[in-house]
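We just call them A, B, C and D in the order they show up, numbering each chain from 1.
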């Protein structure tokens, strides 16, 4: 029984429930900053709530409370794309509009998805840094986050695709291990990787905690000059890694702009300006006009490769609100 | 009516002589450890070597330090399941202090962590010892309270090795003559704890309290003070572990050491400390931690799929404690026969 | 007579709603053994605990050597020269024998202040040797028999300077030989001018040793005077407040056919080649020193530790008993030796405990009928004369004798035909003891075959129809005709007499 | 000595409704009233339905855990069995086998996992705490071996609607009915059934129970089996609730389950505990969670409230007893 799911409203009369994977995380705090920026421009009542550490049940509970208080939009970065679907569907049936940002949910359970960059582009950008630093030869290993982290797994899949290309045949992926975004587990995984493969030349860390752990492990074991560590980094915490030269470069995008874009997209979605059909466009404040792509996907841009030369230009993109 | 003339000669004492069960426990655990080392050396050629030894010694340090405290608490027939949260909170506090003021002398963050740990331990101790309430409830409660405090304090902040001065991370990474500094800390703490537990009246009183609380009361043993002390010391040791956690793993956020209590509990219980109090030893705890660490390192070096790791680790824990039990029964039987 | 060493005046002590002592007064003289008698729950142990510094009196004064003292904690008591053997050994089961003694006296330490273990162990050995208990100081206490634990408890009390030695039922777990040794030591201490306070339920021991007797009832002194002014009968009358006609009632029962027979029962390291018969209506006594293997045999018959070889026949048919359930299917019941750890769930009520062994018989659709449970409780309280405030009273709050009646009631609820009783009167007062004997006698009269194990020879000889002796796991001579010759039975129990002179 | 019988009180509360249960009941009422007053969305039928259904997995697992802990044992592996059963259920479905068969297989897997715990504890003689720390890893690891990093989300409609929907015309979720039946049966059997008496006796003293001829080992094995089976059912129900089977389903739930049983007044050492207390604790924790979620409370606050509740639940009665005792002494014991 959809009660006015399509009734256009103004964001000024609306409550928006935005659910990150985890609140105790500088990345999502920067996303929050971006949403708050947009909120100042557009108005609306923003509830940025989520579990401290990523868990499905915590997200489901917040989806439900968003629905109960009658939020016009429930948007989230899903910990698990399918597990949140039933709760989202129920919320949609109660009249809320559903959107995803950062981490997508099962298509059919949301209208639009605000993506930071094309998934394969993010995987490729990380791989390129490593491949260049390793001169496209030698062994490397991956220390990932949770084994079930879907976005990360898609990036890794993109890396596998790159690896299959002829120019990269000198590189071999020896092992993929998982540090669960936990400092200790990631460190232990990196140490095990380094010790198990004496010829290891690189560590791919598609999550900031693993990146830090990989650098630390390589340094502690005295192999920092032999092993390249790169992947996904967070300039707000990891700028020093670039300045020290411990990491040649790493990939990210602007979480603040992602939040900003997601909020503008939410406003357009609420007002009915966009519905998720390909080709629709809307104004996204200082980001200019944006167009909805296939599958309701709205892309922020290309991933940014941060180096010691450009990292200081982006400090405002990682500012956090508490 | 009992005339001494008809009494038989006293029974030969040898009939009831038995080896101390502690020695048996340590012996059988050492056997299990040795077995693990041999198996891994055969399976993974790179396993056998000084590097592995160093890694084991460094890796088990934090577990051992916390486990030594946990053992003291278990000796008194209590338990502290809040250790993971205490380590996490102290780790964050120390890292936050040094990250905010990198110029400060190292003693400041260390003192902050130790003091905070001591206070948290003392809170547990005061509640358990003075109010005589079930320690599992109190510390399961403080597990959440301390973790909540950690989350409130840290929020979305994440302190990484780059925010810490090198001297701080060096606390965990120094080594001398190939001996890791982590091992040195643990060794000092373990030796001190062992001396206290095994060779002082206080240490024996700790075990006595757990072995027979009513008897302890009648003997005039100040059980309350001992229990309080055990918790306070555990908190302090968690503070030390917190500093080392941040220094070693380099990233501290509100979830640091989340769930660590189960790791510590496993080490302590494998090490032969009874959860119903009164029995166990510090060397046993060290061996328990060593067994767990060797399993972890050996499996990581073994080229198994990460999806198999957890299952094998669980299985090896079960096999290890079963083997230990079987060995102990054997030793006991032999002791009786001899 | 010299001045009293200890003068107690108007001592009172309450535990919550229970008054344990109210205005008890007594005097203890140096060089004298003073017996304190009273029923279970009369407050004897409470008094002992007050002198030991475990409890503090609510009212009253304690004077030691003429000056008033307070004894705030057990260490203060030891510093005053008060040594105590508690009723329930104050031991740490996981610690070794040697470790158990280090809390009693300043333990020997090295210059480093660490414990001097060789010296500690030497001390322990010396203290134990004095009692003739040759225990290895490194043995954990939980591996000791209860007799050895009692000996260790006594050894601890005899360490150091003692002016007042308190023995609270020290002999409950001891065999004749060890009791004799203890008596010798007490006499020696007495000669040295030590005051001894002796609490006990075995009146023959008490009168053998005591110079003075105090009888207490309901927390106050009923009478006190020189021992020769009392007879066991008069003491009992003061304790119970009425005359106890017969502590060992013996009904003449017509014996039926053989109910239980055992042939060549053997269990390694426990007992060897045991053969017995018990008839309906018969009480068969098993005599032996502590450690003779009687409990092991009982456990074998009840399926707790099944025998390795041999045959058990019930009603002439061989049966396999591998578990208590097998035994219960043959209508065997076993009242165990240690009622606290084996007999009753102490922290639960009488109503909870009574049906435990008969649950399968009284459930309907898996549910217990509250009515039947209430009937069972009321019936048992009435028939077994359990003294309690009601069926919901916690068993822990009952006196020892009444706890034992609950155990008995639990087994009688299963409607048994063979009843094995292992030391059923251990630590219970004369009044209750007489009642337990009465109950056992009644059951025999109903045609039950009863096996009675007891460490109190007097009891065994008075109650049993037939006595079989055991010595170190081997069956000795059997005594079939009443009255039994105590010397002969004792000789057989101690391996000195090889054949029954019957 | 015998005439010290206290006058029988007119009002006798049943054994399962002691001071602890009354305190919990008072807290439940207090929390409910405060939540209703402060949050307009709390006291709505919609919210009750959502909350009840969301807590279903937890609710189910609390039941056997309460029994197991009354018997003096513990099962830390329940959340892993929860995950493993779901994994086996999901794989069977993916293999194209019928849903009923997949459900049976999944529940059976839970039963086997529970039985393995029981065999290790009872027949080998290992302490349950450490055994189940081991199987916590083992069973979760098996789920990872089976599923790796994949998720299965094409679950049969019957299951998802059973786990997500309410009985038509009412707001009572189907799944919740199952729990109610289980809880009522478990409560009645614990306090009025022969098996409940046996389990209480075993927890109070396994030795006394053995000497009373109770089948201590068989009952303990049975309880572990029960625990595994219910965890399996809960795991499958939960996967229906989130329409997804993943190796991570239910991670970390064991501490919540144990926490609730402890708040319910069951002793960690066994022999004591009432089912009413456990249910009240379950209701209390669920109310608080729902309230805090609706109030957008941060996780930090949720942790603190949960923790303070547990500490307070033991500390406040202890303090009150002290104060009463002190006052009793001052008035000379007259009251």
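The criterion applied here is as follows: a residue touches a chain if its C-beta (ideal position, glycine included) is under 8 Å from a C-beta of that chain, and two chains touch if they have at least 3 such contacts.
A quick map from chain label to UniProt name: B = Autoinducer 2 import system permease protein LsrC; C = Sugar ABC transporter ATP-binding protein; D = Autoinducer 2 import system permease protein LsrD.
Being a predicted model, the structure only gives us computed values, none of them experimental.
Which chains are in contact with both chain C and chain D?
Chains that touch both chain C and chain D, as defined above, are B.
Let me check something: if the centre of a chain is the mean of its CA atoms, which chain is farthest from chain A?
Of all the other chains, the one whose centre lies farthest from chain A is C.
Per the definition of touch at the top, where is the C-beta contact count highest among chain pairs?
B-D
What is the distance in Å between the mean C-alpha positions of chain A and chain B?
It comes to 38 Å between the two C-alpha centres.
Roughly how far is chain B from chain D, centre to centre by C-alpha average, rounded to an integer in Å?
Comparing mean C-alpha positions, chain D is 29 Å from chain B.
Using mean CA coordinates as chain centres, what's the gap between chain A and chain C in Å?
Roughly 74 Å, centre to centre.
So which stretches of chain D touch two or more other chains?
Residues 144, 148-149, 247, 252, 298-300, 303.
When you check chain C against every other chain, which residues touch at least two of them?
Touching at least two other chains: none.
Residues of chain B that contact two or more other chains, please.
In chain B, residues 151, 254, 307 touch at least two other chains, as defined above.
Kindly provide every pair of chains that touch.
A-B, A-D, B-C, B-D, C-D
Within their complex, state which residues of chain C touch chain B.
49, 52-54, 73-78, 86, 89-96, 99, 102-104, 107, 113-115, 117, 132, 134-136, 138-140, 143-144, 148, 176-177, 179-180, 204, 291, 457-458, 471-472, 486-487, 490-491, 494-496
Given the complex with chain D, which residues does chain A contribute to the contact?
So the residues of chain A in touch with chain D come to 23-24, 47, 49, 51-53, 55-58, 60-62, 64-65, 68-69, 80-86, 90, 106, 146-149, 153.
Per the contact definition, I'd like the list of chain B residues that touch chain D in the complex.
127, 131-134, 136-138, 140-149, 151-152, 254, 259, 262, 265-266, 269-270, 275-276, 307-315, 317-318, 321-322, 325
How about chain C: which of its residues touch chain D in the complex?
Against chain D, chain C makes touches at 14, 17-19, 39, 41-42, 217-218, 304, 324-325, 327-328, 334, 336, 341-348, 352, 355-357, 359-360, 362-363, 366-368, 370, 387, 389-390, 410.
If we count contacts the way the header does, which residues on chain B are in touch with chain A in the complex?
44, 46, 51-52, 55, 59, 151, 154-163, 169, 173, 245, 248-258, 296-297, 300-301, 303, 306-307
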